[in-house]
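I have a structure I would like to understand better, so I am pasting it below and will then ask my questions one at a time.
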Amino acid sequence: MFFRRRLVVVTLSSGAVAVMLGATPETNEPADAPRTSVVPAELERKAPHGALESERQVELLDGLQLPETADPWLASPYYRALELADNAPTPERIALGRRLYFDTRLSSDGSVACATCHDVSRGFTDRRAGSEGIGDKIGRRNAPTTMNAAFFQTQFWDGRSNSLEDQALLPIVNPIEMGHASGEAAATALSADPTYEAEFQRAYGRGVNYEDIGRAIAAFERTLIFLDAPFDRFVTGEPDAITTDAKAGWVLFNGKARCNGCHQLNGSNPIGTNNKFHNIGVSARDQDFAGLAREALSVLETNNSQEAVDRLALATETSQLGRFMVTRNRADIGAFKTQQLRNIGLTAPYMHDGTLRTLWDVMDHYNKGGEPNPYLDGGIEPLALTEPEIDQVVAFLFTLTDDRFSEQNASEVARQRAQATESRPIRDDERAARRVLPFERHDNAEPRVEETTP
Amino acid sequence: MMRTRTFAAHTASFLTLGLVLALGCDSDTPTPSGTPTAKPTAAKDTAPKDTPAEPTPPAASPTTASPTPTPAAATPAGVEVLLCDGETKTTVPAGTPGTAIAGALMSEWLAKHPEREWTTQVFERHGLKPAADNHALIGQGQGQTYGRVSEQDVLVWKTEVETLALAGARVFHNGDELGSTVGVSCDMCHPHAANTHPETYPKFQPQLGRVALLRDMINWCLEHPVRAQPLSADDPRMRALEAYMYAQRSGVTLAYGKH
Amino acid sequence: MTTKRTIRYKSVETKYMEERAQALSGLLNLDRRSFVKASLAAMGAAAAASLDTPFSFQPIRMAHADIGEGFRIAYISDSHLYERDLNDRFVNALLRAVDDVNALDPQPDFVLYGGDLAQLGQAKELDLGAQILKELKAPVRMMVGEHDWYLDMGEKWRALFGEPNYSFDHKGVHFVVLNSVVEADFWTARKMSPMERMKTVAGLDNGWQSSFTVGDAQREWLKTDLEAIPTKTPLVVFSHSPLYKLYKPWNFWTDDAEQVQAILKRFQRVTVVHGHTHQLLTNRIGNIHFHGMLSTAWPWPYAPEGLPELTVQMARPDPFNPQDGCGDGQIIVHPDGLADKLYNLWNRNPVTVKKTYLASKGKTDRPEGSPRSSY
């Protein structure tokens, strides 16, 4: 069933056009029935840092019926380029990675596992603006979802990891996330359980070691592919899979709303990213952004070394400079990775610092042309979308959630709609309608609603 | 961008000449109003000036039968010159060279008949690369029907395709014709259709979400920088625009998918 | 790190992490020699891996140590404003450029406006532009472009900004601003209305217009102006047309360029900064250095022929970013009277064309190019 769906989805583009024009694409296969919802909307969560207990998460995971080997999607040449030669997926590696994903021994105080912030019951993220790590420390970045993370060229909001293997290792030794003193300390913590040794041997032919932890988790994450959404059924020949509003939203997505300029959603690249880094002005909502950039630049112009960059990166505010901290290219100041749109309904709040609570807030941000700053991407401009048009794009975005989470998705629609009805703090009609131009008013007065002090 | 005069322009020129003669312009006939006139001769005395435009009108009237013209009356405003159609007139300063007078009269006349010489005008303003030369085919066929190519065939092929390309040039350079709501026309980013690179289509354009043909990219440009309504594939303007872009890129190797 | 992983490709991030690990492990030893060695190794590794790219990383604010007694000028050019109700995109771009220049710290000595403030020379467009430029903190020197002039032959421009050509001295450098878009009369014979004339000139590829010139009268003025200036004085000439002959069909051209160059020839250090071309251009003729300016409104493609050898093309702009290929910039005048030219390309790494590149006729300090050049 996976293969069949994949082959049909490869013709997504022409199919989409055909369906949009009202024609029924010819298909010999009966339309696939939607997959049943697995994750309930309401859950009681009792693990530390607001997570669902690991055992219950594992139960849900079983219900999701993930493949035991890598998803066929990842066999295409397009994605083979992202794989590392020494980490071909085998059932042993995937099983080991799955176990590690839920193991809190990977944190120095035994309270945090990957699954704490990438919780199966919370959209494989944690539904918080900044994630909470050991010692209840809150970080500055919003946890991206591990769903479909395998499709990215780079990991993290600033792309500082070039593979899932790389990415899995870093939170383990980050002092405010999982907090082990070193990779060796993490490996030692795992070795307390004697069954790990055999599992590592079976998977990699080596004993417990830090790097293989990353490999195994990555192998497991490559099974977390969730591309069975109502939108996919629509595109492959089921005109009623999504509402008329959502169809109108899809047209806007590719037209007036200009989303597809960066969020590329097509047969070859199904998750809605171009893997590039854009400054859309979210970090500039903080009033000091331009000054922050100047400060970083002035430090780096006198001392261009890596040590200087590191020192700046550990100073918390400069994380707002995004990709620049990795490449030190001036073009990258305040630029963050284009995130995926798949399952976006489940992963509120949005943006790298989680400052946009609902998809309506996201639309408001783009509609007014982002926040002007000296490094704003020129492709961000006021869209002049009307309220119904915003609703249509949001309706479309909610159709990108995998059917196995449909109950949660429906609940999120209601929750976000209620929040949006109550307030739209980002909204700026003057700028959206171009009565005031983006660079005409650059003293953005809206302060942050929540303070996230570590 | 070579500025070779096309046959179309020549044809148009000959038509104009014919028109002028048909109006009964004759050096011995005084004008009805009695106003002294100067001969609207052109091009016989002055060589075309070396300017980027070559606006010298081709109306080289046969000068063999022109007697000495009556001296024109000089007024403080200049000399009033009347075209032999008896209607079109213009005032030029004394001492204006003949080419300029003819140009002035032509402009005056064309202003009243704007559609008449559009190909010449567009060509003079923007130029066009010539279409392929098919003269080698003339008389090479084996039979009298299929494969028989005549001079007329070759001229028709050339004239028709270049006319469509010139129509495209006209639309290309005209924001109103494109329907732009922001005063933008294609030539503002693409002078002489530079950087339209039609030889690179079809190509997959992620921002369009699909494999784009030239017309898809044209429509994207119409929607975004030009802020006009997109054109359907068989809209005459779309066909003309494509023709113009292909024409201007004549000779460049096809390289579909090139980004 | 004990085991070596087999990695199919290394991204800049991996290299960065490896070098970082190396550099940091070297720092554990507090001995100064080791520290220096580790730093140098890190920087060497970074340079080898092209992470240290002095041209890509170019802050808006230049270190003062570089220019000593020299000074900086900012420029904004070719904004092509329409009235806001018709097209606000160009207005927004000019506002952005003004923001950029106002954010410079320290402020430049003055700002040059490079011409083509209006798109169709209309009074409302020029008024709008003048109003926006008033927001600049530094003093502004205006230069006229053809789009500003040919509707009313400079009447409104003069009323707003004064005479189009003038000169002044600043910190030992003699500056000349020219009106180099003088065209021979092509409109009278054709009985064109002022707007028809303007629209003809506004079409870059419109063959009815004449070539740009400086003109006899202005060349005489220039001769007289420069008479008393010693040849050792650095000269900076602002001109809208390039003052050399690049591509006639697009008026990337000054018809009397040779005569103007002859007037400038006797000076040892001459820099010409020109607008009109909306792209990165570098040229040297004799001892004259030529630099183009970016437009805030849109970029032009490179001409099919006539491109100066020294020009390293800017990366081909991506149409999906309407501001790609646009920007503003700076002219950094060194104590020796030669100038660097900084192109502040929006959403791209800035490009600096250094005086040494031109002085060495292209042998040293070549600016970084891009594989994506013109089609």
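Order of writing sets the labels: A, B and C. Residues in every chain begin at 1.
Following the convention adopted for this analysis, a residue touches a chain if its C-beta (ideal position, glycine included) is under 8 Å from a C-beta of that chain, and two chains touch if they have at least 3 such contacts.
All of these numbers come straight from a predicted model, not from anything done at the bench.
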Note the connected groups of chains, using the touch definition above, after excluding chain C. one piece
One chain's C-alpha mean falls closest to the whole-protein C-alpha mean, and that chain is C
If you take the mean of the Cα atoms for each chain, which one ends up farthest from chain C? A
Can you compute the centre-to-centre distance for chain A and chain B, using the mean CA position of each chain? Integer Å is fine. 56
Chain A-chain C separation of Cα centroids, rounded to whole Å: 40
Indicate the whole-number Å distance between the mean C-alpha point of chain B and the mean C-alpha point of chain C. 36
Would you please write down the residue numbers of chain B that are in contact with two or more other chains? 207
So which bits of chain A are touching at least two other chains? 261
Give the residues of chain C touching no fewer than two other chains, as numbers and ranges. 89, 320, 322
Which of the residues in chain C end up touching chain A in this complex? 2-3, 5-14, 16-17, 19-20, 23-24, 27, 39, 42-43, 46, 51-53, 56-63, 88-89, 91-92, 95-96, 98-100, 103, 105, 320-324, 326, 346-350
Tell me, which parts of chain B touch chain A in their complex? 204, 206-211, 223
Partner chain B, residues of chain C touching it in the complex: 82, 86-87, 89, 119, 184, 186, 188-192, 200, 203-211, 248-251, 298-301, 303-304, 316, 319-320, 322, 374-375
Touching residues of chain B toward chain C in the complex: what are they? 1, 3, 51-55, 90, 92, 96, 100-101, 103-104, 107-108, 111, 124-127, 173, 182-184, 187-192, 194-195, 197, 200, 207, 220-221, 224-225, 258
The chain A residues in contact with chain B across the complex are 13-14, 16-17, 254-255, 260-261, 264-266, 268-269, 274
